[in-house]
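Going by the order they are written in, the chains are A, B, C, D and E; count residues from 1 in each one.
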Amino acid sequence: MIPFWIIAAVLIVSALWTVTARKPIYSVVSLLLNFAALATTYLILHAEFLAVMQIIVYSGAILMLFVFVIALLNSGIAAVVLGRDRVPVAPAAAAALAAVAFVATAIAAAHAPAIAPIATHSPLGAVGRGNVFGSIGDFGQALFLSRLLPFEITALILMVAVVGVVLLAGDLTPYVPTRRRAEQTRRALREAILREGK
Amino acid sequence: MRKHLFNVGAILQGLGITFKYMFVRRPTIEYPSIKKQHAPRFHGLHELRRYADGKERCIGCELCSSACPANAITVIGAENAPDARVSPGERHAASYEIDELRCIFCGLCEEACPTDAIVLTPRFEMADYRRGAFVYSKDRLLVPSDAGVGTPPDERPNGIPADLGRVAEVKSTMNVDRGYSATHRGEVLKTERKGLAG
Amino acid sequence: MLIVLVKSAILLLVVLTTFAYAMLFERKIMGWMQLRPGPNRVGPWGLLQPAADAAKLILKEDLTPKTADPLIYRLAPFISLLTAFAVYAIVPFGANGDGSPWAIGDVNAGILFLMAISSIGVYGISLGGWASGSKFPLLGAVRGTAQMISYELSMSLSFVGVLMLAGTTSLTGIVNAQERVWFFIPQALGFIIYVITAVAETNRTPFDLVEAETELVGGFHTEYSGLRFGSFFIAEYVNMLTVSCIASLLFLGGWNAPFGLTMIPGILWFVLKVGAFMFFYMWLRATLPRFRYDRLMTFGWKVLLPIATLNLVATAAWVALH
Amino acid sequence: MSSAPATSDLVNLTIDGVPVQVRKGTLLVEAAKLIKQEIPVYCYHTKLGPAGLCRVCLVEVEGMPKLQIGCNTPVAEGMVVRTRGESVEKGRAMVLELLLVNHPLDCPICDKGGECDLQDYAMAYGRGSSDLADPKTSKPKAVDLGPTIVLDEERCVVCQRCVRFDDLIAGERQLVLKDRGHRDMIATATGDPYRHNFTGNVTELCPVGALTSKTYRFKSRPWDLKRTETSCTQCSVGCRMNVDVRRETVLRTMSVEGDDAVSDWWLCDRGRYNVGYVDAPGRITQPLLRRDGTFVQIGWDDAFAIWAKAIRAALDARGPESIAALGGGRLTNEEAYLLARSMRELGAKNIDWRTGRQRQATPGSSGGTLLDLERAGAIVTVGESPAQLAPVMDLRVRKAVRHGARYIRVASHEAPPTMRHHDVPDVAAAAAAIPANVTRVALIWDGVDSTLARAAFAALERDGRTLLTYISGEQGNARGAEAMGVLPFSGPGYHVADTGRDFDGICADALAGKIDVLSIFGANPALNAADGARVRGALQAVGFLVVTELFMTETAKMATLVLPAAGAFEKSGSIVNLAGDVLPTAAALAPPGGVLSDFEIVAGLARALEIALPDTEEIERATIAAAAALPVGIAFGDERFAGTAKEPALGDGLRLRVTHHAFAGGGTLANDERIATLRPLPEAAFSRADAERLGIRTGDYVDLVGPGGTMHDLLAEVRESLAPGEVVTIAGLADAPANALAERSRVRVENVRHADALVEA
Amino acid sequence: MATSFAGVPIFYYEALASILFFIGLTGAIARRNPLVMLMSIELMFNAANLAFIVFARAWLNNAGQIFAFLVITVAAAEAAIALAIVVVVFRFAQQVDVDEVRVLHG
């Protein structure tokens, strides 16, 4: 029980810090801590692959992106100057929604069986063997055999996201080779000089 | 494509060169422990010589200072007291200063000197932490009266005199406030003589 | 539990010593390749130079710039150091007769763990550069982050080929799968990609744009001094060592002896392979100039990534056919 | 040169192929200068004329079989001269070889090295080697000629320039050639030390390094020196001179060749040697404020604020009558103008430059130039002669006398000069002594006794005769100060202004407690005023006394606030000399840190007082206009300038008179250690009758006791020219101030100590 | 280590997930910095993931894990797009305050 409480405390404190931090970079750091704790929880809950994915994708890619954007937007240390946060209304609305979620999960939890230890000599199961719950092999088999359609749809979503991001943030000016651009500039300059009559 | 392949070849070629040079004899001289032989007329730190009777050769004529292309030498003349002569003749240098940071060690002062008083010794180790320490005045330039007369360039032994190897030791006895009590060479000769006497 | 602690302590000692002498030998090798003697003043042949350097780093004043974010500024070196050492929890150095590895922990998802830890390692650089509150570190950090994310992709893809051939994510398993043929032969392209990305991931010449001293003074650690700088320094060399270990484990057969020379213990072979890879690192540094940043990104995305994908597809096809 | 010479006076000749037209009688050396062709000379000097001794000036004259000396060959019609060519060069090389036979080659030691004619010509015309194999003669190297000059006998080439200078120009005839042949040598005729007021000129004349100045010996080399041309401000002649500076020290001053109008190419020894004060250790470098009896150093801002506050308080309490300013004789025109202007801006009229004995500096419309003085047929001096007051002017007098002028001294109490002179008891006798055919008479007055001056002017003025007047005052820029309006009754350019109190009046007011703030600029009345005791009492009675000075002079020591001022070499400006010439002065070096010029001091005070001052350009314009203004309406010995001090009551005893000495003075002279030997001893001169009556012989020590004070330990001298009933002392000696006793007061001689008795003791 | 978690009631996990969700939701509503808002949204995703994984563990059915994996992937896509929008908005408006940027208001 005690490890659970510790992890739970870390999760909640880091989540609170994420939401309340004065500088966005502190949110990032606390979220990193949060993710690490979550990954640990996943590992304990026999979601081995997801624990690693949590770190690789969430911490290594998504959160890194946040750091990147913070560095880009706000090269100094000072927090982005913003108006006052909408504090008074927020918790009420959030609490209402959270209560709904809580009730739903509580009902679900009431029906779920208690967590029973998986009786194998290696707690995480043999590698590559698809029949041990939570192993990478098991996960892989499920992903590529029984749940292939959602996987492919996710791939599509990712592709769309990549294209979208490139279109959104990329340089949208048409590509002109360097030499031709130099020639264009020179011509424009010459025309401007002719116009000015110098 | 061929160009890219060629580039890969160039990288390999570069790696080959650096690898080969690992086994080439290194020209480095491990300076403080091994010293290079300098040419007999190496232009190093100045020295003011004496006559055999102990009188200074310098007559304060300032020809060195006017010959100096770097304006490194300042001489202030004075009249010899008849009962306590500093140099032969009526004039002597009351103050003789060389700013070794300005000096370019061209040896023109040596050429200009009508009495062969100022000579450039092969000594080159004169590093210091304070700028002021590079303004050598008479107390550091002049050969101490009990250390001989100083060596004219023509009579110097081949290369650096043997005593120059002990510069580090002699420097550590330097009084930083008063500067050197004598030129290094004079100091070494003095200690050697003491050693012989004792 | 106690055994794990003892193992960790020994490993820490070994890794730190290796780091210290790796640094010395890098300077020596660079010197030799550049017709210099290299450090030779401290101890015989300069062998005590690492101690002198350590003393210097410890005694140096630790400065925090006025504009720095004090918390993150102090946190960043430890993230770097922590992730650099964390990898050794799973690195096997040899195997007993019964096949159990010489490692602190034998993790089945070893290679994934590795990738996870190394993806966290970027935080040290990016947070450190950002928190210094000065423009050169920030530029270095942004560059470094982009570079490491870009090259991590190709690196992961180069792993996948090996994984497919070995059929396991356990590092011990991968080494055992190379008993007959080392993977750098079937996975030649993957190996080349790995070597390039490994150099880029550790921010070493010719990919050291993170600390390009000619443009960015010291890059992300410009403002750091003393032991905080030392932490980055140690992390860089420990990462080099890690990457060399991985190369040895994934492509060079780990502790497997070549040509049936099994009378030499496997651990020695492993050390030899790691050493050779480390030497290659230094050799590269002494030879190649730094990439231009746009070329670096172009190379990573437009050359390495397609080749890595190609390699992956080819390997997959080969595995499927057999 | 002023009028075109008649054609018959001109001679045509050809020098080096160039046709030249010169006045008849011109020497070839001078003629060659017109075409910028130099003929080397040693013994010849433009001001000394030819001697024909050294023979280095050989030229070839067509038609003459042998080479001729250029310095003593006058031009002739149709002459064809070659100053270059093989025979000339051969001849010159031979002469140079002979000159160098015994001349030592110690140029590196020699002070002249670098500016030596012999060195230059030997390089230009000489041979590289000598045929002489025998050793050179050895002679004494450092022969002490006197307090200023050292002779190196080995180096002397016996050109006799120095001997001729002493004979022809100075008229002192102390230097002679001793012995003959190779033992020929310069020495003083009597063997006494070579000592007069112009000795320094021989070092400049010497074409080799034989004669050198003691103050400059081995101090520097010529190429080290930074030269600035300026005007001397030591006396009212204002000689042009070059100041040579090295390492923020004035090492020497040199005369300016070609300065015919003012200095006639010469300098007196005071102007030449009194330069060591510039870096004397006694210089004040920070404002000093008297607080609880001692001086404390303060900053300039504080000094100006305190000063301005005192002035404002005085103005508010008692009006502009309660403030006064003194000084001007040592200021430049610009400074004097600014001082007068700012004082009058405040409404103050108590301003005067006359802090010494001199009453007047502008001789009025009858003033003449110094060149006019040369051409006078008779020269009359009333009061003190210019011999000590304006020595270079005295050289003009000597020149005039040499040309035949009659030199007449009226009631002189000075030692007789070395030239022909006539001492007469009064002005009537002086008028009678002037020869009838003389049409130009110069009248020189020391500026003290206005009544005497007026009487002399009236006696000498006669129809058909030009009377030129000169006032040889004691302060350098006294005439400039008057022109700039540092006078109680006139403003800049002699414009009549509201009359304030003059120096005597200010002293009287001060003694009556009516002066609150007195500012003294570069003056030392405590030492130099005629009635010292009274002036010192007045200075003490002033509430707030400000003194700008270089040194802690007698006056500065009494001040409340002492401000460090820049010396004459440290500021630029202009001065007006006794003949009315406006002369520029240039700063030769920067003042020491923390020292401001009087200009900046006055300007700073004005700023602190918030007085609007004109900008620099306007000051310049106004100064030039005022300096050029003709002194119309000012008479010689003008009543307005006359003193208001009462004549001391008659009584028993000898009447005290005071005389000047060129080297007697406070600030700059007392603080220059390099000329310590030139300062005179305090002395008292008696007429023979008085001396015999009192039993005094030359060399005895006496004390003079008068009303209010005593002068101690004066060296007695029996002077033949002195009239009975008078005793003469030297003014301005810091260690024995002559003004301890009021001038013309009656004194007793006491405590006579005989020289022989002193020797025995 | 894994065994030490055994016996923790599922309800506890669900309560934890709800709290995290609540915190994330509050942040997403209350904060005006779009970056922090996005991070809060990530927090909410993670709370959901936690619930999925716990149920998967409880039922020993890896469908929950698959769902969590899909959530992570979609979250990555979402974050990339959202951050791109933030960058674009910043470029356009030179600020990122969500209350101040009202370009869609017309």
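One rule holds for everything that comes next: contacts are C-beta pairs under 8 Å (C-beta built on N, C-alpha and C of every residue); 3 or more make two chains touch, one makes a residue touch a chain.
Given the structure is predicted, the values throughout are model-derived calculations rather than measurements.
Under the contact definition stated at the top, no chain borders both subunit D and subunit E. In this view the innermost chain, defined by its CA centroid being closest to the centroid of all protein CA atoms, is B. Using CA-based centroids throughout, the chain positioned farthest away from subunit D is E. Of the two chain pairs considered here, A-E and B-C, the higher C-beta contact count falls to A-E.
A separation of 75 Å divides the Cα centre of subunit B from that of subunit E.
Between subunit C and subunit E, the centres computed from C-alpha atoms are 32 Å apart. The mean-CA centres of subunit B and subunit C are about 50 angstrom from one another, to the nearest whole unit. If each chain is reduced to the centroid of its CA atoms, subunit C and subunit D end up 90 Å from each other.
Counting partner chains per residue, subunit A has residues 49, 61, 68, 70, 72, 124 touching two or more of them. Residues of subunit C in contact with two or more other chains: none. Looking at subunit B, no residue sits in touch with two or more other chains. Taken pair by pair, the chains that touch are A-C, A-E, B-C, B-D. Here subunit B touches subunit C in the complex through residues 11, 14-15, 17-19, 21-24, 26-28, 30, going by the rule given at the top.
On the subunit C side of its complex with subunit A, the touching residues are 67-69, 71-72, 75, 108-109, 112-113, 115-117, 119-120, 122-123, 126-127, 129-131, 133, 135, 138, 141-142, 145-146, 149, 152, 167-170, 173.
Subunit E meets subunit A in the complex at residues 1-27, 29-33, 35-36, 38-40, 42-43, 46, 49-51, 53-60, 62-63, 65-66, 68-70, 72-81, 83-88, 90, 95-97, 99-100. Considering their complex, residues 23, 25-26, 29, 32, 39, 48-49, 52, 55-56, 59-61, 64, 67-68, 70-72, 75-77, 124, 127-128, 135-136 of subunit A touch subunit C.
The touching residues of subunit C, when paired with subunit B in their complex, are 29, 32-37, 40, 283-284, 286-288.
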